[in-house]
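Next up: some structures, all given as structure tokens.
Two complexes come next, and they have one chain in common, chain A, joined by chain B in the first and chain C in the second.
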Partner chain A sequence: MAAKNGDEKRIRRDGAGGDEDEEEEEENEEVMMEAWERAYADERSWESLQEDESGLLRPLDTASILHAHYRRRLLRRASAPASSRIQKGLIRYLYLVIDLSRAASETDYRPSRMAVVLKGAETFIREFFDQNPLSHIGLVIIKDGVAQRLTDLGGTPDSQIKALMAKRECSGDASLQNALELVCDYLGQVPSYGHREVLILYSSLNTCDPRDIMETIEKCKKDKIRCSVVGLSAEIYICKYICEETGGSYTVALDESHFKELLLEHAPPPAAIAEYAAANLIKMGFPQRGADGVIAICSCHKEAKVGGGYTCPRCKARVCELPTECRLCGLTLVSSPHLARSYHHLFPVTPFNEVTSMPLNKTLRKTPQACFGCQQSLGNQGSNSVLYVSCGKCNQLFCLDCDIYIHESLHNCPGCESQRESRSYDAKA
Partner chain B sequence: MKFQIEDVTVYFPYDHIYPEQYQYMLELKRALDARGHCLLEMPTGTGKTAALLSLITSYSLAHPSNPLKLLYCTRTVHEMEKTLAELRRLLPYLPPQTRLLALGLSSRKNLCVNPAALSSPSRDSVDSACRRLTASWVRSLAAERPPGAIETCSFFEAFDQAASGGPDAVMLPPGVYTLQDLRAIGREKGWCPYFLARQLIRYANVVVYSYQYLLDPKVAGVISREMQRECVVVFDEAHNIDNVCIEALSVSVRKQTLDGATRNLNRISQEIDRFKATDAGKLRAEYNRLVEGLAQRGNLPMTDSWLANPALPDDILKEAVPGNIRKAEHFLSVLRRLVQYLKGRLQTEHVETEVPVAFVASVNSHAGIDQKMLKFCYDRLHSLMLTLEITDTDDFLHIQTICDFATLVSTYTRGFSIIIEPFDERMPHIPDPVLQLSCHDASLAINPVFDRFQSVVITSGTLSPIDLYPRLLNFNPVISRSFTMSLTRECICPMVLTRGSDQLPVSTKFDMRSDPGVVRNYGRLLLEMVAAIPDGIVCFFVSYSYMDGIVNSWNEMGILQDVMQHKLVFIETQDVVETTLALDNYRKACDCGRGAVFFSVARGKVAEGIDFDRHYGRLVIMFGVPFQYTLSRILLARLEYLRDTFQIKEGDFLTFDALRQAAQCVGRVIRSKADYGMMIFADKRYSRHDKRSKLPGWILSHLRDAHLNLSTDMALHIAREFLRRMAQPYDKTGGTGKKTLLSQEDLENLTDATLEMF
Partner chain C sequence: MASSAPPPKLYTDDVSLIVIILDTNPFFWGTLSNTSASNFSFSKFLNHMIPFVNSLLLLNQLNHVVLIAAGVTSCGYIYDSATAVASDGGQKVPAVCSEILSRLEEFVAKDQKLGNGDLRTVGGVMSSLFSGALSLALCYIQRVFRSGMQHPQPRILCLQGSPDGPEQYVAVMNAIFSAQRSMVPIDSCVVGMQHSAFLQQASYITGGVYLKPQQLDGLFEYFTAVFATDLQSRSFLQLPRPVGVDFRASCFCHKKTIDMGYVCSVCLSIFCKPHKKCSTCGSDFSHSQNEQLDRKRKLSEV
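After this line comes the complex of A and B, so read on.
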């Protein structure tokens, strides 16, 4: 086991690019913490142990498990819309519904379900705006049998998170129907080009409703609101039913990290169903950044600020950050990189093919391969699982870390891009 | 799909087959080849019915020289319809020239389309309403009188008209006919569906009907008399078959029965007087017939026959009726004396147990009725009622019960006992005298079936331990096997909970059940579970009285109120309507996400016939071991008989019976492989090997050693983990590892060696 761990660490260090070195250091520090310093429940390592048929403990190959997991997700995402040319809803109006009923105080997630959910929500909101700069988010909480709106639909992550963190208590029953009714009312007002979505983080195992919830579900369906649920403890029939009816997805978390993973799956825009949102032209403003040293009254903080900020091209009001809606004239303010960032959702990098390493293959031995991304050698690491992948178009090889980096953050294949460059050079010559 | 099992081409209505289904068919085929009986246990949700139907029809197609007829016995009308629907699915897959006629047969209540008869509330009253319209003398009278003066059933008249052109005239085209289809055809053509079905079963290839039509000699004598030897009889869900057999031959007489019988006798005596005045010739004709020794009136028209003799066909006397009951008045006075004697016996203060021989001797000495007269009671009454042209047979049930009793008690000397109890043991203050003739030997009723038919298949999800059934039913199966379920994921999670959260043992053992600690621990268990498990939970208790007691205590402790915060609570009662309503609302609560708990009783209606699949039952908790009420005289007498005759130890039988009930209860929760559910056996006695090992194999194979001795908190932890794991999306075909769905190609590549793997 010990040798195995050493191996793994080496792989990770080998694979990590220069940028990630710092993170790596931090991680190592965490690992270096003494056993008694770590929280007892954080790492229930005994639970992840697996037995093989004869009852022997199976060594854990976390790196390859992790990667296999990621591959599966990637392929699933790629295969679903692959059949047809897919339209994606880039302008989303999403209400994040958080269940803060009695069930959220349970401590099967550490430190408590509520803390995990709120932390997850925060990460999600940031990631959401990162991926969907043109979208809006609003917050609703369920508590004491009623649903209450915490924030209006808005484009700034910070104000949402601040409002969320102010509510850190849970009590009473949960009512799905009340939440859906409330969200239905508010989402009825959004413009027709926007995609209406609800994401419910549900801790409870039941719902105490005032009336027939089936009617509300019908109403959501009619209003074309896509409802998704992330459950924390077990599969609940009614949640599954809601998601199936409205075209959303229903997932249940296994533990804290799985919860975060499931939550972040909702960040990239979903495939849009044509009739759900009408294609339309939208008015947008591209504000200029104010010069340093200019003093202006900020429209969002209602006080004078020096330097920075952006100026609305229509009414000349100053806003602190983008993207947002102008407080005065209601114009959607974005910057061009935001638009460009949304672009990759439409043309994703195709998933790379797995290359099974063959230790006995002599041709491979002769020509030591290196990852095209980070230039690390792709030598035989002792494990017989998949060790690297290749791009289907340019046939370049990549290591696993680069694979993840390209698909999750870069959204361009370095191999294909450099080919295009060299071709253009050739054309010039 | 189509594949070969040895020399038989099997047509199977699905594209994929489970490996255990294939195995099941293989064993079944071998049993058919050997022309013997077999005993097969396969868990629910693995497509038993589909496998059975497709193999037997295919087998019969492969041997066209002596086609097999399939008699498929189910317990309920609902199961009957399900079986026929499955058969209908199979139909398009059979070769096109196949002529398969399949139909269901049920009582008039389920088949009648005549609004006048159908309005009657109970089964017996529909029967008698039908008879009032169709009895031969009513019809002949109607034919004499002007039309409309006497009411007859237009449906039956039309059918009779058509049937007079020979059996082909009323033959339906090949196909599958459910009860509903038969009713629709009846309405459309104006034919009586019940008699149409009765007519058709002679020619059908597959008949689906209830157990009683084969096992209860009274019904079987009428319905199944003409079935030939070349039949395969299937008893589905047959884990309680021994009880069905016993009930078919048991009679209980209460005070109300005797009072009713007295009223009946008065009615009959009036009728006799009336006939004497108007139509003495009929009585004389009957007398002559009885002299010739025909208790039955030869070949009766189909409408006139009702229930046949309760004794088994081989035991019925084929001689002349004794002289002293040939005359109607004399017979009547014999019956009066018998009723009077029974009334006297019921007035006893103590519990009395007697063997039939002693009882008959006592009847002889006190009432002057000898054994032979008693034996003929049933047939003599039958004949008398026909002669008197009595149609409202439902009013005469009481006197029929008495005659049943008389015939049975005098025919059998072994395997029966008579028990007279002045009051119910559990409520000694309320006098409720009852005289029971109870049969102890299940093999009596089923043996004629084994003898008569080529192959009998007994199958169910719970037949463990499988070696006990052949002893109980006294037959030699050529094949008895238990199959396990091949699963793509561990979708059932049985647990044995022995301790409460305070680590004290829990049990429903007699000396522990009223201990407040145990009651509280059970309550805590339920409370923890309702908070951790979504949608529906089903709880089974060992008896109604225990359930009442524990629910009361929970209410006083405030546990019930806490449970209600998470889920609504519904309770099964002895009232069928109330229970149905509770079940409906339970389902509604599960559907709309409120969540619900259903409290039910092992051996009750719910435990036997209602499925709690999918979200209607994510967890079933079995509180205690459902032993029978061990102080019951009937049970004690049966145990003694089993020990003396079959060498089955009392303890073994009791445990076997309790465990099959428990398995039946928890088996309600999972009805297909895509489903998942948990089972908690909450009693310390389950952890003992002698109890546990009697659970069916498919539960045992998932019962891990680590789950054998749990306390509440550990069980809760396991439950949470299990539910999270089950909520993850999964691949139905089983992916790379174990194959659980075989396609046609897989089957062709299959060798015996690989089959052993499953």
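After this line comes the complex of A and C, so read on.
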């Protein structure tokens, strides 16, 4: 499993499916199905029911979905080197390129590729800022053979989404080269410590370029821009080539939910490539929040506002939102929670060990075993595979639901946090 | 457990799940009862807290209260009104009281046993493990979210006395952001001497109420007036507003609170003055003149 490369997500997914040989046949079929087939599959809902020991009907696939999540997460962790000093590109400058050519009006995705892409882009932008609070995103659309910059690199999700939702039409051809050239120009101005990235959501099967696209790819490579593509139709060689050359990842979606999944894989910060961004100390200000009821003129909207707002510690200008750059002195203004939001990428919770129900446990049934996190009793869930997991450090037991919550949202092990000895942050803080 | 309660519960929007995190730090309670003028001890505190738990349960039949203790060396569940109902059939006020007291006693004894020895050496008041207690509370709330489409409105109430533990910063912040993502407000009531920067941020970020009562003798009144109301009714009340939240960071090198500093672009560690090398991630900053160039380039464009 570890031999599989991180950039070939599609193969890895298939590989993961193949590993779960014990899974039911229809589970495999569902993965392989085309978008149009799913409509019929959804109606065969009787097949996804299962009787448990008390005669209640339960959906069959909850356990396997949990498994899939868990497995995928383990894979992701396993592919990264298990060092505590892993460097991540936490300050990202990403251009989201959206293909709104004629191909985006196809309706193999419901209601159309464009609708799916725009909806996915909205979720992605929100998730991106949630995970990378100090990063910037910009939007570029390709249509009628040209690339057009919709928004400048910015730090607030709402303005980006608003601009995106205003452009709900598609026409003409797509040109990868024009898009890359445009993005190259804009990303050239980004500070050297930032990680330059392009994420292309590509619906077309071809690219209609004015000149040699290979030169543009070389240029991207030289400018250290990491290009990734999520395709909606079929795998295209040129996209694969771009991603391989620039260190990005190329994935092709099977259906709507898979598309969303692939898109959101780009939200957490990628492992930093040392030569791609120079490490640097950035001077930042931590403004105080103004007390309620104080009237001040903000420098961003040039309006008098009552209460709220933050004051730049260097020039005392008032700004409305953080993080931002001071309009007057150019100081990067953040609040300490913004920085703290990224720390979990650097100090992740180690994956828990799967504990299968052993015959030994039957003798211990008298002592009620409960999940340390949520107090749910463990055992007799009726499944034949993993029942619960245990943390390698504190040896506490957790149910599968808590396991997923702990690793995907909480980023703390409640067991380790409830102990004085094995505090993992002591060394770092 | 779900199958043991067959009648479907009608959860209206004023049914709450209140997870109360209780500071059982013996060092803190010891110093408080010795120093403060009012001679406020842990047992007096419980005299305010347990009636509050009872009044929460009486406010609505479906209200659900969970008590979690944050000790010095461990955290644990003390009381869960859902399981208490299942065991003795009905919840009588004395039963609730005695259960809480006996479980608390058990917990404090265990906590003390775990911490025997090396804790004595640390001077001053130790911090309690709030990061662990918050994590437990959030795990419990996630379980309630999973239990069905309809569930009580969850919130967390932190009753903290001991000072913040700086080593818990990352974990506490992780918990705060997770609570924010699941829209769980964290209310906080600080019983101790000084304000808690962690809880101020927690309440501000998650939209909860932060309160540091002036008079500990009237704690029950503060509890009922501020923290008893459900989330729906809060919008109609004049609750304490945040005076100002300290969002300044403390640097990793000297733990000084700074309002301007240097941040490593790789790991976002905060330093109060420029360094040659990042002490957290080991990045080398020898090319730092690049930044000046960038800044100039950027400014010339504007």
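Points to keep in mind about this one:
Keep this in mind: the second predicted complex is superposed on the first by the 339 of 429 C-alpha atoms of A that agree within 3 Å, B and C clash if a C-alpha of one lies under 4 Å from a C-alpha of the other, contacts with A are read in each partner's own complex, and residues count from 1 in each chain.
Criterion: a residue touches a chain if its C-beta (ideal position, glycine included) is under 8 Å from a C-beta of that chain, and two chains touch if they have at least 3 such contacts.
Computed from a prediction, not measured in an experiment: that's the story for all the values here.
Annotation for the three-chain superposition on chain A: chain B and chain C fit side by side.
Touch criterion met: A:Asp130 reaches chain C, while chain B stays clear of it. Once the two complexes are overlaid on the shared chain, A:Ile91 sits against chain C while remaining clear of chain B. Contacts of A:Arg314 after superposition on the shared chain: chain C is touched, whereas chain B is not.
Once chain A of one complex is fitted onto chain A of the other, the partner contacts of A:Ser192 are limited to chain C, with no touch recorded for chain B.
Look at A:Ala340: by the touch rule set out above, it reaches chain C but stays clear of chain B.
Within the superposed three-chain model, A:Ile282 lies in touch with chain C and out of touch with chain B [touch as defined at top]. By the touch criterion defined above, A:His301 lies against neither chain B nor chain C after alignment on the C-alpha atoms of chain A.
Comparing chain B with chain C, the partner in contact with more residues of chain A is C. Once both complexes are placed on a shared chain A, the shortest Cα to Cα gap between chain B and chain C comes to 30 Å.
Once the two complexes are overlaid on chain A, none of the chain A residues touched by chain B in the first is touched by chain C in the second.
By the touch rule above, chain A contacts chain B in their complex via residues 47, 103, 108, 173, 176, 205-209, 212-214, 231, 233-239, 251-254. Within the complex formed with chain C, the residues of chain A that make contact are 54, 85, 87-88, 90-91, 130, 134, 189, 191-194, 272, 277-292, 310, 313-314, 330-331, 334-337, 339-344, 346-347, 371-377, 401-402, 405-406, 409-420, 423, 425-426, 428-429. Touching chain A in their complex are the following residues of chain B: 531-535, 565-567, 590-595, 614-615, 618, 720-721, 723-729. Across the complex, chain A is touched by residues 1, 3, 72-77, 80, 114-115, 119, 129, 131-133, 135-136, 138-140, 142-143, 146, 166-171, 173-178, 181-182, 201, 205, 241-250, 252, 258-268, 270-271, 274-275, 278, 280-285, 287-288, 290-291, 294-295, 297-299, 301 of chain C.
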